[in-house]
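Notes to accompany the following structure.
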Amino acid sequence: MSGYALQIGAILCVHVIAAYAAYMTLAAGQLNLGIAGFMALGAYGSAVLSNAGWAMPQSIAGAVLLASLVGLCVSYPVLRARGIYLTIATLAFSEVVVALILNMESLGAASGLVVVGHLGFWPILWVTLGVVALVVFLASTRFGLCLTAIRNDAQGAAVFGVRTRRIEVTAFTIGAALAGLAGALYAHHFSYVEAQRFNVLLSTYAVLYTLLGGLQTPLGPLVGAALFTLAPELLRGTDEWRYVTFGAVIVVLMLLRSEGLFTRSFIHNLMHRRPAT
Amino acid sequence: MKPKLFLHGVTLAFGGLTVIDSLDIQVMPGSRTGLIGPNGAGKTTVFNLISGVYRPNAGEILLDDEAIDAVPLDRRVRLGIGRTFQNLRMMKHLTVLENIMLGQHTHVGLWQRMLVPLNSPFNRAGLTETRAAAQLMGLSAHADLLADGLPYGVQKRIEIARALVTRPRLLLLDEPAAGLNSSERDELLSILLTQLPKEMSVLIVEHDVAFVSSLCDHVVALNFGRKIAEGRAEAVCSHPAVIEAYLGKDDDAADADAGVPAPALDETIVPQESDQKSERAPGAERGTHAA
Amino acid sequence: MAFDFGIRRSCVVAAILALGAAPAAAQQQDLLLGYLAATTGPFSALAKRNAVAVEIAVEDINAAGGINGKKLAVTSFDTGGKPEQAVTGVTRFAQDMPALAIIGPFSTSECRVTFPTGERLGIAQMSMASSAPKVAAPFTYAFRNATDEAYTYERLFKTLKAKGYAHGSAAVAYATDDAVSQSLGTKVLPDAIKAAGIPLEETVSFRVAAFDLAPQVSQLNQKPTDLIAVGTPPEPMLKLSAELRRQGNKGRMLGGSTVADAELPARMGANGEGTVITSTFFSGMPDERTQKFVKAFETKLKEKGETVFEPNQFDAATYDIVMMYATAMKNAKVTGDPAKLAAERAAIRDEVRKLKDFPALVGPLSINSEGDAIKTIYVLEAKNGRWELVDTHKN
Amino acid sequence: MFAQQLMNGLMLGGIYALVAVSFTLTIGILNFLNFSIPALFMLGGVVSCALLAAGVPAVGAAAGALAATGLASLLVERCTFRWLSTSDPHIPLVSSLGFLIFFENLVLVYFGSDAVGYPSPFARASVKVSDLTVSLPQTGGFLLALVLVALCYVLLKYTKLGRGLRSIAESPAIAEMLGVKVGWTVSSVYLVSGLLAGIGGILFGISYLQVSWDMGSEVALKGVSAMVLGGMGNVWGAVLGALIIAVIEVMTIAYLNSEAVNVFVYGLLLVIIAFCPRGLLGDRVKMAERM
């Protein structure tokens, strides 16, 4: 593979993991716009640890742990709010994280940090495949069942004994951990982190990939992130009109396939070659 | 004999409106108790009180002589209270089998709940139980389809199957026959008569008086959140207060619904024995929880 | 909202550069340079016409017979001013193409990421604009044809004193979320003001995207100063000048290379009158080569239907980068043979490092031990919507 | 100094308030976070700027810009909000995000990425009142914003349209049954919300004398935060939130530094949501009752 393809592949992998981070909370029906904040925690966490002399795997693991601990602590107050309030609370969290980093001279403030250790495409790909496998596995368990049930009807699920709050906190924390992982991989791939990169747009796009791909199956975020990371590349011919086209494509797509591209009935049709009921 | 369930002087008010007023209901162990009343009488609200959706403003709810008012919604199912919903609570992104499996949530262990794939051999017991419940309710043909979009009658049976796999000792059925055609209804009746364990106590809200009479040994009639009659089915159905409540229903129903014109066409008193009703009932989705 | 999918087009502007030959064909006979363009992004006002300078340089070189008997070709990649895309560009040039060296990247934040990558992949880069202190110093393959801001500000204050500008007091205004602006505001400017013996009364900061600078200006108005040293990209400078004048602040704005935009005086209008900046290039230089370059630049832009024709210092720096690489390639006797790619890339690096008193467009230029170019500094003042020369500092 | 900064804060708050109210209308009534509002805001500024630059008189330019935002808003409504659709509530959000990308990049293609000077007919008219520098266009804009919000309040509370909106906020299905023209009413919400955003964009141009393709994002982020801070669905809450956020922002810059702005603004927001999860003026009462 060419260096260019590997580079795009690595970015795609980071996007896929970020999309799964968004998926974990979305699967339980809540929109988390704090992905970028957790990615920043992961990226800076791993950067600081490796710059302090830790080996790369350990520092990535440490960063993921940091992101999940913060995620766990944040999830309790944040999940008290619902719907838009929760979304804005996560957004606010993310902005606070980035603003704090920008205020810390020890973290390089606006100049960013150079990260010791470079991570190439292949290890990132293996980690990403691991994440996909993990999420597919989780979705196949009763935990995944509960997530979908909570998204469809939280009170209905509670009637059957589902401790909705616990499930939501768990999902949020796993999402935070995945975002932290995405951030740590990003930091090591580019050997550099800059807080400004972890802005609202990053979170918004993670969510966008997931919703465009579809929430119904754990493969939706993968499809969404892959398609919509590569689509602007394919639209390169249209040059400056590319993103205009892209916006229009999103609108049309949502009109035609409002449940996302990759739905359960889509898979059903694919496997049975006939329309589902 | 101690009652399985005892609602003692239960009162519930929303804002200034008293929806349930000092209600006493007893469900004896192993009994089949029916709860009837016109639209807006508060039948579903009673279910919501028992299953923990609402907390009473006064009075108490005893299960096996123990007050359960403080037990949160998600713990009541552990006490052996299973229920169905008048307005279907289908998880539309889950298949029929998965919807039923949701009912097993409380009696699988923590690790199994989190880390065992549902279709793996480790979940064989759960799958077997689910399949059995599906078969019992005649759902085997639909097992792997998404619940969303299945006919109304099928969704009703999924609800009951799901309530059954919670292994309830007290089963609350909220209008199980509403919207079913006559053959579906007869089939359901025979399942409920023959397949439910004898020791299971059942409380049924139903408009179909014939259905209630065939199934229940004890009937409670409600109007405006108050008990107006109680006793054997035939006796209650011929009780003057009950007849009055039903015959004057047009105005009363509208009033009792706090000015909301009930769209629920399937909630007429006299069961409609037409086959058209096997399709999704109009208004079933609109979510006007009868208060 | 700015839009970013992490991947920008690697728009191969060989066609735009009017080289005729496609890169594939170019690979066979030509010597290839990679060019990291920052056509979009926060510094686009400064960087978007650099491509024209590259074009002129390549034409000049090829018209003079090319290098070692071969033609020079350039392939370009738009980074949008974003570090991760700049890395993608470097990787592409180094691994997928037989590029011998890289022109760019533009900004300090890009350099911070691409310099380690270039070092790892073994390919030289030379930035035309990055001016934060010591960015290239740790690397062997990293160069900057831009002068450290501390060096230029020292000369700016000399001029202010020598030419009798009021310099009784000074304040600093800078953008916090841009790498070079932040290093200017927190370190370079205060140090330079202190070194010049001028009292620093106040420091205010803002974000690049901020649109309302009223609070900062009210703050400055607490104690109006003669001078306001500014560390920002050009866009916030516009907003700052407008707000200063609205609130009646008459302080003279000082800028460095981050605002050395040829159009800036015209865009600021009356608000920017009297602004003094340093630059490493001045299009009015009475030098034959310079005027030839300015003319070629104008012609190219007129052809493209643009309305502003004047090259800025980064356009000149970009031209010189191509020229320096050409000289280094000549000295290293580069053949463009794919088998010797790594060795030739290293040889180019070594030759660039040796450059001394290179006859650049902007005057004689040397690469110092930190990989930065030391060159002539011009002090310019905005008058009637144009930059006018105030002073010249030879190295 | 303090008075001047307070003044600066209030002026900034006026711009935030219009956007916050624009958001709160679609959220309070339709429960839909309309991501396209930043684009509508931007269209208001950019279109009026282009018309002014082309020599159209001020009134015509404003009318043209508002026509453009109104049409754009209705287009968004057609393509995002399909009434009574039962699908995922996040879907319209994604579509409106698509519109944001679409409009912003469309303007980027035509106007380029650099900010464009706004040829305001009022220029920079400022007066000195003792120590205070008062910008006349900004003050006028601030007052206009307050008048518009008050008009919105009156519209919602006292008009037939307002009653229709309130019933839709309560329950769309019931509103339809009560004879409210739901489709038309929803369109009018979009129209009003879009026009508010558009006016906000024009005021932005007049106040800060420049417009750009991405001018909406910064303002919208603060606008959404203001809306949430004040409590969703409450127009005065949105205004209060906007003024609080703007004053905090300005005071942080004045007494600390600009790097601390986001720490304080978003930190406060986070704390408020954590301790009163429905904002300052929001409570369990729905918008319909509060209006």
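Labels A, B, C and D are assigned to the chains in the order they are written; within every chain, residues are numbered from 1.
As a convention for this text, a contact is a pair of C-beta atoms (placed from the backbone, for glycine too) under 8 Å apart; a residue touches a chain by one contact, two chains touch by 3 or more.
Worth saying up front: this structure is predicted, and the values here are computed from it rather than measured.
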| item | value |
| --- | --- |
| Between A-B and A-D, the pair joined by more C-beta contacts | A-D |
| Greatest separation from chain C - chain, by CA centre | B |
| Chain A and chain D, separation of their C-alpha mean positions in angstrom | 29 |
| Distance from chain D to chain C - Cα centre to Cα centre, in angstrom | 39 |
| Averaged-CA centre spacing for the pair chain D and chain B, given as whole angstrom | 46 |
| Chain B, residues touching no fewer than two other chains | none |
| Of all residues in chain D, the ones touching two or more other chains | 100-101, 104-105, 217, 259, 261 |
| Shared-contact residues (touching 2 or more other chains) in chain A | 102, 109, 200, 215, 242-243 |
| Complex contact set, residues of chain A against chain C | 2-4, 6-8, 11, 14-15, 102, 109-112, 114, 118, 186, 190-192, 194-197, 200-201, 205, 228-229, 232-233, 236, 239, 242-243 |
| Residue ranges of chain C in contact with chain D within the complex | 1-3, 40, 44-45, 176, 204-207, 209-212, 214-216, 218-219, 221-222, 235, 238-239, 242, 245-248, 267 |
| Chain B partner contacts - residues on chain A that touch it in the complex | 137, 140-143, 145-146, 148-149, 151-153, 155-164, 215-216, 264-265, 268, 276-277 |
| List of chain B residues in touch with chain A within their complex | 51-53, 73-78, 83, 85, 89-95, 98, 101-103, 105-106, 108, 112-119, 145-146, 149-150, 162, 166 |
| Interfacial residue positions of chain D with respect to chain C in the complex | 1, 4-5, 8-9, 11-12, 38, 100-101, 104-105, 113-115, 117, 124, 126, 128, 133, 135, 204, 208-210, 214-219, 249-251, 253-254, 257-259, 261 |
